Amino acid sequence: MFEPQIMCFLCKWCTYAGADLAGTSRMKYDPSGINLRVMCSSRIDLQHILYAFRQGADGVFIGGCHPGDCHYVEGNYKTLRRSILFAKMLEDLGISRKRFRLEWISAAEGRKFVQAMNDFTAQIAELGPLNLDKMTLNNQKDFSHE
Amino acid sequence: MNGNGKKKRIGVFVCHCGVNIAGVVDVERVAKALEGYSGVSFSTHYIYMCSEPGQNMILETIREEKLDSIIVAACSPTLHEKTFQSVIELAGLNPYQVEIANIREQDSWVHSDKEKATLKAIKIVKSMVEKVLQNESLEPIRVGVTRRALVIGAGISGIQSALDIADHGYEVLLVEKNPSIGGHMIQLSETFPTLDCSQCIMTPKMVEASRHPNIRILTYHEVESISGYVGNFKVKIRKKPRFVDPDKCTMCADCEDVCPQIVSDEFNMGLSFRKAIYLPFPQAVPGTYTLDIENCLGLLPIRCGKCKEVCEPDAINYDDQETVFEEEVGAVVVSTGYDLYDLNHLGEFGGEKYEDVINGLEFERILSASGPTGGEVRRPSDGKVPKNVVFIQCCGSRDPENHNPYCSKICCMYTSKHAMLYKHHVPDGNATVFYIDVRTGGKNFEEFYQRTIDEDQVLYVRGKVSKVYKEGDKIIVWGVDTLTGRKIEMEADLVVLAMSMVQTDGVNELLKKLRISSDANGWLSEAHPKLRPVESLNAGFYLAGCAHGPKDIPETVSQASAAVAKVGDLFAQEQLLHEPTVVPVDEDLCSGCGICVTICPYSARELDKEKGVVKVNEVLCEGCGACAAACPSGAAQQRNQTDDQIFSMVRAILRG
Amino acid sequence: MRTILKLGKQEHRFIDRISELSGENVYSCYQCGRCSAGCPMAFEMDILPNQLIRLVQLGEEEALIASKTLFICASCFTCQSRCPKGINIANVAEAIRYLAEPKGKDHFGPDEVPAELADELP
Amino acid sequence: MKLHYYPGCTLKEKTTNLDESTYAAMKMLGYELVEPENWTCCGAEFPLNEEKIVGLAAPARILRQVEMEGGDKVVTACAFCFNVLKQTHIALLNDPLKQKRINAYLKDDIRIDPVTKERTTDFPEYRGDVQVLHLLEFIQKEIGYEKVRSLIRRDLGNLRAAPYYGCRLLRPKGETGIDEPDDPSIFEEFLESIGIGVVDFPFKQECCGSYLSVSLPDAASEVSYRILRSAKLNGADMVVLSCPLCYYNLDRRQDRIREKFLEFTGMPVLFFTQILAWALGVEAEILGLDQHFFDPRPVLGITDKAEVAS
């Protein structure tokens, strides 16, 4: 059975803390996603997302604070604006925009994090593997960050 | 690689956390999997890493294995990151050389498939190894503190703030745009729920402020701009020309007597007149006349010049100029107060058409012993004693559709006070209050309200008034008594509107420049609504009084003192330490496009036009990294979270 | 009269139907009474506009359909223009009239207007 | 200049003085009014209910006709028609689904020429681009008060008029009104521009009683009386308005008001176009001043034919 790989970028103040809360509440969810903690969701750039897909991710998830709650005043709005562009560019590159998701999850929303993870994993499972890494494997050497 | 190009020696310590981790994750396998992974020269596991034996083991291993950084694979970094930072500091390492791999909250506790959880743990730990491999050793950024505060606005909140800061032993600049300090509180007659005379309790505070050696009062001054950062602000202050030297003025009133220009008196809410050269009120601080240039006939002695002629101490100087000067402060208390919602917004009440339809502050002046009627309740139009007074609450408040959505909080109590005081002045008069809800949440407030009903027999009618108009010399009020289900039309001699409180005109423009955010209603936003209620999100700015939202006097005074406690925290520090994980600029890569400048919410970045590159004020940078994501050339890299670090971590996570 | 407050399925269906027909959120009324205070025809009404909304909130369909107020409202929209919650009460009254019609409750029709009036009435 | 003008039924059948004075005044201001072909009743009442969508067909059809004739705006003098057309315009503009449903009706429109008996079918859809303006708005926004002022021929400076807005010019609050519902000034500005004294009175936006004059005549008389009384108390020589129904209640029913309120001695009530046309120098005969219950001619200083002619 296909087991998706999901790259999750979580803001330190809200969604990462929400994921921690899911843990302290012992909620269970699909283990397909692995989290990378950033200070703010606005730290994430298109190249991080593309890189994740090239490294074999089947889906990329960004979690940030709810609008108005950003620790850095308006970082999440920047993320929101960028994510619209991200989704468009992904489509242009032949990657379904359904493989990318942005969610606002607060430190109090452990349950929402669990639901988002399960839901997104199911969605990716339905889409099937992306295999971008295999498609572009021959070009790996050219990639400067190797 | 570390800074010297030498491969790092990394130690990996996997915690069992009893069975919390080990019950699901095969910790031994994790430790084994990390052996020999890039840069890892030591890897082990232990039952409780955070315990004293666990900490000692880490300490000894660092020494024995000559490690220069470590990974602790355990619980969430929010729990023990600090703990392990102290451990490695003891071993002589830089605290930025430890990273926590969260394999409990985000792995063992949320998954039950042991195989999958173990594989996930390995990937998480590897990703942290990749990060620490490229971590720089950092020192906190240190800055000095100017132990001197600026207080903007000298009403009760500003005066209280200034006095408290001064009593802490720090210098204060108290800036007030009006000719005297005192704000709205000095205009009030008596205060609820104790009925203290406002002037009696306010005047001593004003005098105290004026005499305090640590307070410099700057009335008739306005703050132009503030630059810099917490602990180190530069403030531009504009002095408006007063044309009277406060040191020479003896308040003899000779100038006022001869001044031919009569204008409406702001202190009395336009209910009386003053001259163009005037003392705002007898207890004004500073005790000096001010020449109001907008209403003066002209400073040329040819046109008038009468005041200068009669001024014996020669205090009047027609050549006084507006000046702008700069001061340095470390903290700013914003206590700019409130305005009342403009009556013109209420066309259905006639706007400002009817002289005898007034707002609460006007009624305060009418009630005040020092007011335009000498403390007798007389109505503005003809000076008659009103026998029927209608008080209308929630004028512009609690009305999201047409006016302001919020409750103005103090009107229930002051209306109750108004009705009570009116009845004390005119015992045979009728006081009727139209209300929607009566909110008396404060110490002794409910008792006060009930006294108004029990003892002073004020009639409370539950319903919102829809129309107020004049017919002959009577004012007609259209209300409703929702308790009996009757529409009510009644005659009144005087109508007092409890107008909504609103942000002071112009304050938001100033604060926008200071990057202090405000909410949808214009009130200043606190850093956290529960836990940081007196701080602004912008470090070094503190909030006091109604600029932050409607408040009564006790609450304002409490907030002012609380804000000052926070100022004290700041001033008590030798140096301010700032997180060094900021986003500097690699000048060789920067193309000077300025995108990061516009994206930074803290104004930490600016374009150096000469060099064509961006300069970063690291003290202002809060390290969100939004600029690093936006930088097209890679010149903006966040310390210890560079793009290369993120790429390596992503690779470790996805490729194991 | 004994009043039993019941908010069952039937009541909720009625409230939802009124909301749907009128396009107004009847729940948002907080009973300030301003609609009634400004209503030019309130002196003729058996229930005031704020009470009309209240009865909708209580699901009192019968009391509403029986009320004279329905046909006294002149649709002048004074209530709407001053309502702090932006409720168009005339719309709500119209929705109730719409439900009242099939139940035989109606006002008089054009044929009942006296001829001398009909000649001139716009 | 040609301008699309929708008169509405009442103006052709009953209050012809409003229609005729509109034509006369607009001619003086340099406009030739064009009525959309085959116009019908506006519906008289905007359907408040979601389900009464058919009620939108008639007003939408009028707007479609204007669009078909190449017009981008239509003016009305009747406050009621204005209100229905404007609300229809907004309802269709803001709700594409509604517009679709209405267009489904409009498409099936059939027109039979009364003379040739020729059938026209296959009408275009209404695109929703026709602006609806009340004449007061048109004067404010497009003609301009300066121009009106420059064309005034009669001095009305010794007269004082109370502008009566009623309901339909101002409410429902929001996009439909021509001004702030509780602080309007457009009528006052208009009156100032024609050089007549303006009386401010607190009942200018109160309801006249509407059709309650049929079902509850006493109640309607009472509210009408309060409006007239308030205008009088505030020193008005006349009330000026724009709604035929208000005119009916305030002028035509003054007999009933006087029966009920004996102290009331009467008050001239004029349409805004009548006073505009009069100020612009139009002859009195054209203005239908003889149709009023309370004769407004004496207050305008029209005593005999000779004087009128001058």
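The chains carry the letters A, B, C and D, assigned in the order they are written, with residues numbered from 1 in each.
Operating definition for what follows: contacts are C-beta pairs under 8 Å (C-beta built on N, C-alpha and C of every residue); 3 or more make two chains touch, one makes a residue touch a chain.
Note that the structure is predicted; figures quoted are calculated from it, not measured.
S.K.: Can you list every chain in contact with both subunit A and subunit D?
M.R.: Neighbours common to subunit A and subunit D are B.
S.K.: Quick check: more C-beta contact pairs in B-C or C-D?
M.R.: C-D
S.K.: For subunit B and subunit C, let me know how many angstrom lie between their CA-based centres, rounded off.
M.R.: About 46 Å, centre to centre.
S.K.: Taking each chain's centre as the mean position of its Cα atoms, how many Å separate subunit A from subunit C?
M.R.: 52
S.K.: Where the CA atoms of subunit C average out and where those of subunit D average out, how many Å apart are those spots?
M.R.: For subunit C versus subunit D, the centre distance works out to 28 Å.
S.K.: From the C-alpha centre of subunit A to that of subunit B, how far is it in Å?
M.R.: Each chain reduced to its C-alpha mean, subunit A and subunit B end up 35 Å apart.
S.K.: Any chance you could list the residues of subunit A touching two or more other chains?
M.R.: Correct list: empty.
S.K.: Residues touching two or more other chains, restricted to subunit B: which are they?
M.R.: 348, 467
S.K.: If you look at subunit C, which of its residues touch at least two other chains?
M.R.: 43, 78, 82
S.K.: Name the touching chain pairs, please: which are they?
M.R.: The list of touching pairs comes to A-B, B-C, B-D, C-D.
S.K.: Where on subunit C is subunit D touching in the complex?
M.R.: 20-23, 40-41, 43-44, 71-72, 74-78, 80-82, 88, 90-91, 94-95, 98, 107-108, 113, 117, 120-122
S.K.: Which stretch or stretches of subunit C touch subunit B in the complex?
M.R.: Residues 30-39, 42-43, 47-48, 50-51, 78, 82-86 of subunit C touch subunit B in their complex.
S.K.: Once bound in the complex, which stretches of subunit B touch subunit D?
M.R.: Against subunit D, subunit B makes touches at 344, 346-348, 350-351, 353, 467, 469-472.
S.K.: Looking at the complex, which residues from subunit A come into contact with subunit B?
M.R.: Interface residues on the subunit A side: 5, 7, 17, 19-20, 22-24, 26-29, 31, 34-40, 42-45, 47-48, 51-52, 55-57, 71-75, 78, 82, 114, 145.
S.K.: If we count contacts the way the header does, which residues on subunit D are in touch with subunit B in the complex?
M.R.: Against subunit B, subunit D makes touches at 180-184, 200, 202-203, 230, 233.
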